[in-house]
C-alpha cells in the first residue's frame, strides 16, 4: 500500500544535517541536548523542528541572521507566553551579533504593540538570558519551565 | 423583590451532581479537591465550573469523550498559556482511552497552527503529566502553577 | 438508561427566562434575534449563552452592571479579535449608564495593557457602535462580521 | 560556496507530490488555486505549506483524519482570529466524515476554553462554510478575507 | 544635528514626578523598587513605564481609580499570560477600594469572555495576591516570575 | 488643586511635533488623516499615539528604522488580529528601505512562531499593502477595517 505511515526519518539526510548545523550555530552547545530531549518525547516533533525552521527557513540568505533573530525576539515578546523560547532566542541574537542594548531596545519598542505586561515579562526573561550568558547561571528565578 | 442576587446554589441539584460525576470520571481522584479549592476562593466560580462544562457540555453524547479530550488538548496547546489545565486534560485524555502516542501526535500537529513555542511548551507539559501518571510524581520541574 | 444525552432544554425554565430578561436589558431590541440566530445553528450553544453568562453571572448583585460592562469592554479590547462582541458590549455599556467618554477612556487605558493595534481596532469598533446608536446605521464600514 | 541560499524547490519531489495529494483530499477542488495564490506572493511560504503540514504531518497514520480535523477546528476556534482557515477546515472536516452536528458540538465545547466571543465567531464562520457547501455560495457576508 | 538620539530623560520633570506619585499610590511600597529594577535593565523602558500609563493615563479624572483597576484586572485575566502584572493589579484594586469579593466577581465574570483556563489561572494569582497582602507572604506557590 | 485632570495637550510642544514628523516619515501622506480620525474619537488616544511610540520610541538611534519596521511586521504577524496596523507597517517597511522580498521573508519566517493561520493572514494583508502601493488601490478585498 502506498500510504506513507510512520516514516523512519533518515537523520543522515542533507536537510536534517543542514538543520542541525544551523541550530548549533544559533543555540550553541545546548543545541544537541535540546533536540534530543524533544526526540525522546515525540520523534516526529523533533524531526520537524530540525528540518523546517532551521534546515529550511533560517538557511535562506534573504535576510541576515541578526535581523532574523531580532524579529523573532519581537514576535516572542508580543506572544507573552513564549518565555522559554524567548530566552533561547535572546541568546541566539547575541550569538548572531546583536548587542544587549539592541535586544533591550526591540523589547522596549514592543510596548507599543503588546502593552506593558507582555513586554515586562520579556524584559525579565531577557535578564535571565543575560545572567546565564554571564555565567551567573545560578539564577534563583528560573523561567517558567526549563526545557533546554 | 424579584431580582436574583447572591443565590445559594443547591449542590444536591441534579445538574451539580451530574457535573461532579463527570468531573470525577475525567480528572480522577483529584477532582473533589480541585473544585473545593476553587470554591474556597469563589463559590460562584466553582458552581459554574461544575455545572457548565462538566454538567452540561461534556455529558452530551454527540461526540465521544476521547475525541473531546483530544480536541481540548489541541485547544489548550495553541493557547500557549494554559499549562496547568493542559496537564489536567492530558491525564483526562489518557483516562478516556487515548494513547500517549495519540496525545503527542495532536500536539505535534498543532505546530502547524500555533508554531513551535506554544507547541513545545505543550510537549513539556505533556511530559510532566506522563511523569505524574507514572508516579514519578517528584517532578522537580513543576508546571507554572499547581492548582490541582 | 440514566446517561443524559441530548437533553431537550425547557425554555420556560426560570434560569432561561431570567437569562432572556437580562440579555434583553443589555442588548435591547436585538437580543431575541441574536439568540434565535445562534439557536438555528447550535441549540446547545444558544441555551448555554442565555443561561450561563446572562442568567447566571450578570444577574448577581455584587457589582453594578455599568462597571461589569466597562470590564467587558476592557477584556474584549485586549483580545483584539472580538470585534462583533465588542460592538455589542459598547452599546450595552451605554444602555447601562456609561457615557461615551467613559467607554473611550477605558479603551484608551487599555493601550497600556495590549498596545496600539488592539486598542486602535477597539476604538474603531466603538465608533461603529456609536454610529449605529446614532441611527447613522448605514455605516459603509461594517465590522468584520455581523451576527446580531 | 556551500551556503544554501535561495533553493529552487523541486515540485516533482515525492514530499511535494505527497503534500499536494493530501491537500487536495482535504480542501477539494480549491486546493490548487489556494497554493498557487500563495506561491505568487512567496514561493518559499507555498513550499513549506505543502510539504510540512500536508506532506508531513497529516499523512501519518497515528490519528484518523476526521479526528485530526476536529482538533484543528477546536484549535482555530480558540485562536479567535483564524476565520479564513477555520472555514477551510470546517469544510475539510465534513469532507473527512464529520457530521455538521459534530462540528457544531466541538465549537460549542470550546466555549469552556475560549469564552463566547471566540466561540461565537467560530459558529458564524461554520455557518458560512455550511452555506458555501450548500451552494448558497453567494453569501453576502464574506469572512474577513477570502484567500481560497 | 537635530535628530534626537539617546535622550537623557529628566526625572525631575513634572510628568515623571506625577507618574511616580501615581505608581506609588497604586502599587504601594513596592513601587520604587519595581521601577528601579526595570531601569537597571532598560532605562527607556522604565521612563516610558512611569510617564505613559501612570503619569498620563491613570491621572485623568474621567473614571475613578477603582473602576480602572477592575477593568485592568479583567484585561489581564483574559490575556492569560500576564500573571505577575495581574498580581500587582489585584493588590492595586484592593488599595483603590475594591473588596476581595468584587475582584473575585470580575474574574468569575471573565469566564464568559476567556473560558476557564485563563480565568482559573487568574483566580489562583488572585489568591497569591490576597495571601501576600495577608502577610502570609511565605507563599510556596510563587507566580511564574516575580519582578516586583 | 494639584490633581491633573483633563489636560489640554499642547500640540506645539516639541514631543508632539517630533512625533508627527516621525509618523509622517513612516506612514507618508496618510499620517495626518490617520491621527485626525483618532483624535475625533478620543483626543487622549491620539496624543499618546503621536508622542509615545513615534515621538519617543521610534526616534531613538539604537536601531535603524528598517530593522525596527521588520520587527514590527514580525510582531503584528504573530498577533493574528492586527491586520489594519500590519498593512500600515508593511508600507512603512518599504518606505524605510525594506524590499518586498524581505517583508515576505519575515512573514514566512514567522510560520515557525505562530503557525500557518496567522502567517497566511499576514501574507494576504501584505499583498493588499503591495497592491495599494502599486496604485492598484481599487482592491476589491479590503482589510477587515480601514482606518487609515
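So that you can tell them apart, the chains are marked A, B, C, D, E and F in the order they are listed, and the count of residues begins at 1 in each.
Everything below uses one rule, namely that a residue touches a chain if its C-beta (ideal position, glycine included) is under 8 Å from a C-beta of that chain, and two chains touch if they have at least 3 such contacts.
All values reported here derive from a predicted model rather than from experimental measurement.
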Partner chains that chain B and chain F have in common: A, C, D, E
Any chain that touches chain D and chain A: B, C, E, F
Classification of the chain A:chain F interface as same or different, half of numbers criterion: same
Chain at maximum distance from chain A, centres defined as averaged CA atoms: C
Result of counting contacting C-beta pairs for B-C and B-E, higher pair: B-E
Rotation angle superposing chain A onto its copy chain C by C-alpha atoms, nearest 5 degrees: 180
Chain pair among B-F, A-D or B-E whose interface repeats that of A-E, sharing over half of the contact pairs by residue number: B-E
Between chain B and chain A, distance of the C-alpha-averaged centres to the nearest whole Å: 29
Residue list for chain A, restricted to those that touch at least two other chains: 44, 48, 52-53, 57, 60, 62, 76, 78-82, 105, 108, 110-114, 116-117, 144
Graph class of chain-chain contacts, one of line, ring, star, complete, other: complete
Chain C-touching residues of chain F, taken from the complex the two chains share: 38, 41-42, 44-45, 48-49, 53, 76, 79-82, 84-86, 144-147
Contacting residues of chain B [partner chain F, same complex]: 78, 110-117
Touching residues on chain E, where the partner in the complex is chain F: 3-7, 18, 44, 48, 52, 56-57, 59-62
Sites on chain B touched by chain A in the complex: 79-81, 83, 104-105, 107-108, 111, 116-121, 123-127, 141, 143-144
Parts of chain B lying in touch with chain D, wherever the complex brings them together: 52-53, 57-58, 60, 62-63, 67-68, 70-79, 82, 85, 101-102, 105-106, 108-114
